[in-house]
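Let me give you the structure first, and then I'll get to my questions.
A, B, C and D are the chain letters, set down in written order, and residue numbers restart from 1 in every chain.
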Amino acid sequence: MQIGIIGLGRMGGNISLRLMRHNHGTVVYDTNEAAVDALAAQGATKATSIADMVAKLPSPRTVWVMLPAGAITEATITEVASHMQAGDIIIDGGNTMYKDDIRRAAELKAKGIVYVDVGTSGGVWGLERGYCMMIGGEKAAVDHLDPIFKALAPGMGDVPRTPGREERNPTAEEGYLHCGPAGSGHFVKMIHNGIEYGMMQAFAEGFNVMKHKNSPDLPENMRFDLNMGDIAEVWRRGSVVSSWLLDLTAQALATDEDLEAFSGSVSDSGEGRWTIDAAVEEAVPVPVLAASLWARFSSRAQSTYGDKMLSAMRFGFGGHLEKKK
Amino acid sequence: MQIGIIGLGRMGGNISLRLMRHNHGTVVYDTNEAAVDALAAQGATKATSIADMVAKLPSPRTVWVMLPAGAITEATITEVASHMQAGDIIIDGGNTMYKDDIRRAAELKAKGIVYVDVGTSGGVWGLERGYCMMIGGEKAAVDHLDPIFKALAPGMGDVPRTPGREERNPTAEEGYLHCGPAGSGHFVKMIHNGIEYGMMQAFAEGFNVMKHKNSPDLPENMRFDLNMGDIAEVWRRGSVVSSWLLDLTAQALATDEDLEAFSGSVSDSGEGRWTIDAAVEEAVPVPVLAASLWARFSSRAQSTYGDKMLSAMRFGFGGHLEKKK
Amino acid sequence: MQIGIIGLGRMGGNISLRLMRHNHGTVVYDTNEAAVDALAAQGATKATSIADMVAKLPSPRTVWVMLPAGAITEATITEVASHMQAGDIIIDGGNTMYKDDIRRAAELKAKGIVYVDVGTSGGVWGLERGYCMMIGGEKAAVDHLDPIFKALAPGMGDVPRTPGREERNPTAEEGYLHCGPAGSGHFVKMIHNGIEYGMMQAFAEGFNVMKHKNSPDLPENMRFDLNMGDIAEVWRRGSVVSSWLLDLTAQALATDEDLEAFSGSVSDSGEGRWTIDAAVEEAVPVPVLAASLWARFSSRAQSTYGDKMLSAMRFGFGGHLEKKK
Amino acid sequence: MQIGIIGLGRMGGNISLRLMRHNHGTVVYDTNEAAVDALAAQGATKATSIADMVAKLPSPRTVWVMLPAGAITEATITEVASHMQAGDIIIDGGNTMYKDDIRRAAELKAKGIVYVDVGTSGGVWGLERGYCMMIGGEKAAVDHLDPIFKALAPGMGDVPRTPGREERNPTAEEGYLHCGPAGSGHFVKMIHNGIEYGMMQAFAEGFNVMKHKNSPDLPENMRFDLNMGDIAEVWRRGSVVSSWLLDLTAQALATDEDLEAFSGSVSDSGEGRWTIDAAVEEAVPVPVLAASLWARFSSRAQSTYGDKMLSAMRFGFGGHLEKKK
């Protein structure tokens, strides 16, 4: 197939490369011309503008937008749509809020343009390992795009098949899934990231307890000087917590046991926050997913005023001094 | 009554004073002789040693130990007991772990000595306001000590009576309560402090959200520049969150809106921790009480290694840079 | 002053009564005519429609809308505005989401109508005790309405003055406060309720741990059979957790120690949820406020599917049986 | 090697089988004679008592105790030791609290007996996949037992090697690790289980939010009817949350999408609880690990009294009715 790709950062560029490796043609565009040229050198067709890209695609045209969620994605999709005709397809492969997908799909449908949202997991490893994709949109369009998704997905690989799935959706085993109508792809990806936050925080807390087991505040016969890297490694084989996140942890610890390269100030992104909002809307308790988000906020000193208030109260009732020096 | 008091810090000294104001006699001892002299100057009988104190008390003798929980209280009680006879009473008014009370009461009972544990709330305000006391131990001894507790307690004051309590334990309305056997006084006080942590944290979080409502990261038309001190004050009258902790918060904010006097590093004490342990033993969920404790730990940078691990994983799967500069 | 009141439920009706007791005139309207007649019998002026109410008010007209937040309040305000002129004032005294206030104030301002949002705490007790009010809107209008707010507020009462507030906003001591522009009143009220959730949950957890201290699963010498009602009562005098919520708890326990009247299924309302959303927007950690909300969701069996998934995993790796009988 | 095994339940029996498959000899004992006979039929040497087992082992003797943590393990180890000589080794392969290990190791050392604690992960899958083992004790004894651990461990298998570990402990890659002195094996296993709780809860919450995304309480255009089994499956390939726990979840969902086989009442075991205690001792925040434990407690209706108290307070201040029908 031929597909246009807008946004040639780490994700969009690699998606283009992986598609070309699977013998699909890509027409690429980015405001950064060097990124366009780099992909053109590897076989992509260069576009000099969004209009140019759309013009260079065969009908029905498919354009994959791979940009940061928010205003830039919104504006880009609007412009892409302005050059399209009924029956064309726009894919938003970024991390858009699913409610924006629902709105956009309805708006574009009025013009006959089909909107497909794709949540894409795999990060910097996707080029080689393939991307796990969660897809929302009309079935006909998703079926039409199947060759694209199959090329980008990891495939079954050496992950053992799940018994009892013989009658179920076979693409799930390949690493891509049509989840439902527009928005559902990004919704599932959002929850995926929410879970990811929780798993990461579980590891972080467990290792932190082990690290502090050698604290001088503990009685001497109750201390252990544990090797974080070796423990991460041993859990990779046969333990219940074995996971890709553990693999990455073991890699980081293999060469930096004290994680001295890192500042301890941890960012968060929209999906982790929106997961909490979605849970609140549904009246569903998410203590672990939320605690993971709060931990990141706290790592960035966002609780300081509240902490000072605790000290102020302690001073008020008990005369405890926790004053600034 | 005559009562011996060991430990003349802020709490023990004020207890002695309040008892004397209510016409009880106190025999006082502390390793800090100046503290003993100061109270003697106000009418207390000076003791030069624990043995001396016990000797100066009429039989059956009562000694109130008011020292930091742990080894010093343990050693002191052991020494007091060594000078006592069957029928004498030792009161531990500190913040002892209730399991230690249970053990001690059994040990002392073997010698005929009665052990009474008193959880004491009221802090630096107790001298004037009186102390709220939660008492554990044998009923006969607690009844015998009633004049002491009545003198120390706040009394009914201007707090309105609770309807429907006509047939219930009248001392509860005076601010002291025989909770049950040895250990139960400190157990109830421990839970009291656990609840206190939760209430404090609820205020801290709420005010912190209000303070950040003026953050430049928010859209300009969604910001409010709120006056923390005025808000604390207005809630003191007629609102559902009115409480003594709010009164103290309003006091702190009245003269230091930004709480600049405080460092933001918040201590915790045994009771907050033991409450979590007790809940774990009982298989009872305490998400708020525990979250309050974690927040204090985090305020002291106890999560840093875990936070760095989050950054390490983020770098591993997404190439996100949160490296130390 | 003369003021129109729409919505004569428990809150609106009592507000009308309290205003009349302070010699203000009220013109009242409700779709439930019986409620209108009841107030008319006590001196209010009866209105038969919103148009009729507005017509019966002197210029500049002030209408207080006291209805459930959401569509009905929105529609009512729209209709009220349609009968008003520039310079008139609409007060929303309900629990509206503050972003709706911001939007509405801007819309009404275009017509010259002033919008004032009032967060009102005090519940069924407000008629006698007065209402704690948090007010958002333009200063001129709020100043104009001062007699209304003063009448509804609790006043200084017997709550001691906070030292150091001599130079600060005096109305805060009376129980009402102009917090800032439109929306800020409901924002502060929203946070108030978020804090309220946290305080309530702190008490609930603490008492639950005490209640379970008599569980047969504990070793016999580690059990206490504690009296919940007496403990709530004793803490009311001199303890750090003394608060209005504790007073209410003591009242409930005085006649129903086991709280057998209640189902254990706990509702929540918008403010608790929006507080979490606001914290997420600000990147401010609110572990306690959020945990309080999750606890209410869980009390309504909203976590069951997730719990079953835990059992399914336990069965998967360990063969543990937690199957349905 | 020859090794004695006491406790032939699912774990102990499979350990014996796996050792025999790797050409080690086992002398087996259990109070359930049928279990002994079953293993004897597969080549194990039958023992009729602990004394008989010890007598049948060559010197220095090694006995692996694989019983539920607590009194039965304690009594069994005491009896085993009574039949042993200096230089013999006792392995506790169960889930013993690490502080008990530290105490026991010291007690046995006085008799010259070496105590080794082994935390064993792998559950019912260990016979085929091998057991991930975390080992505490004296280095000489652990080295002596290396052939046993190598046989039980999964080995490197097809899990890719971690770059940068060339100079590090090679057994970690095989799935077993000498963590440190006595107690450290069970400590690391305890933390492993704490992390496991957190990861499980993260998945449970995420899937629960997805399941409730089809709730009739949501606006109709905001609902998705998602297929839980397909989503679990698609995440197994290329996503950041891929893990063994996800594999097990996908298996459960493949044949029971609604998890109707399960009751929703989830047990917990010592390790999850002790992890919280350890964190409290170290003053390390563990919001996610703790929240996971609270969720299990709540699933067993352990919060009901507290929930009723919330309703009682809501009734008290707002007249909200959440009464039992």
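Keep in mind that, in the parts below, a contact is a pair of C-beta atoms (placed from the backbone, for glycine too) under 8 Å apart; a residue touches a chain by one contact, two chains touch by 3 or more.
As the structure is a computational prediction, the values presented were derived from the model and not from experiment.
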Worksheet entry | Chain hops separating subunit C from subunit A, counting only touching neighbours | 1
Item to complete: Starting from the Cα centroid of subunit B, hunt down the chain whose centroid lies farthest away.
Response: A
Practice prompt. Return the distance between the CA-based centres of subunit B and subunit D, expressed in whole Å.
Written response: 38
Item to complete: Can you check how far apart subunit C and subunit D are, centre to centre, with Cα atoms defining each centre and the answer in Å?
Response: 47
Fill in: Centroid spacing, where centroids are CA-atom means, of subunit B and subunit C in whole angstrom
31
Worksheet item: Which residues does subunit B have that touch at least 2 chains other than itself?
Response: 123, 201, 203, 205, 207-208, 212, 240, 244-245, 251, 281-287, 291, 294-295, 298, 302-303, 317
Worksheet item: Classify the inter-chain contact topology: is it line, ring, star, complete, or other?
Response: complete
Worksheet item: What residues of subunit B sit close enough to touch subunit A in their complex?
Response: 10, 123-125, 200-201, 203-205, 207-208, 211-212, 244-245, 248-249, 251-253, 256, 258-267, 287, 291, 295-296, 298-299, 302-320, 322-325
Fill in: Residues on subunit D engaged by subunit B in the complex (per definition of touch)
240, 268, 273, 276-277, 280-287, 290-291, 293-295, 297-298, 300, 302-303, 317
Discussion item. For a test of understanding, state which residues of subunit C touch subunit B in their complex under the given definition.
Written reply: 99, 102, 121-123, 126, 129-134, 153-160, 162-165, 168-169, 171-177, 179-181, 183-184, 187-188, 191-199, 201-203, 205-210, 212-213, 215, 217-218, 221-222, 224-227, 229-231, 233-247, 250-251, 254-255, 275, 278-279, 281-289, 291-292, 294-295
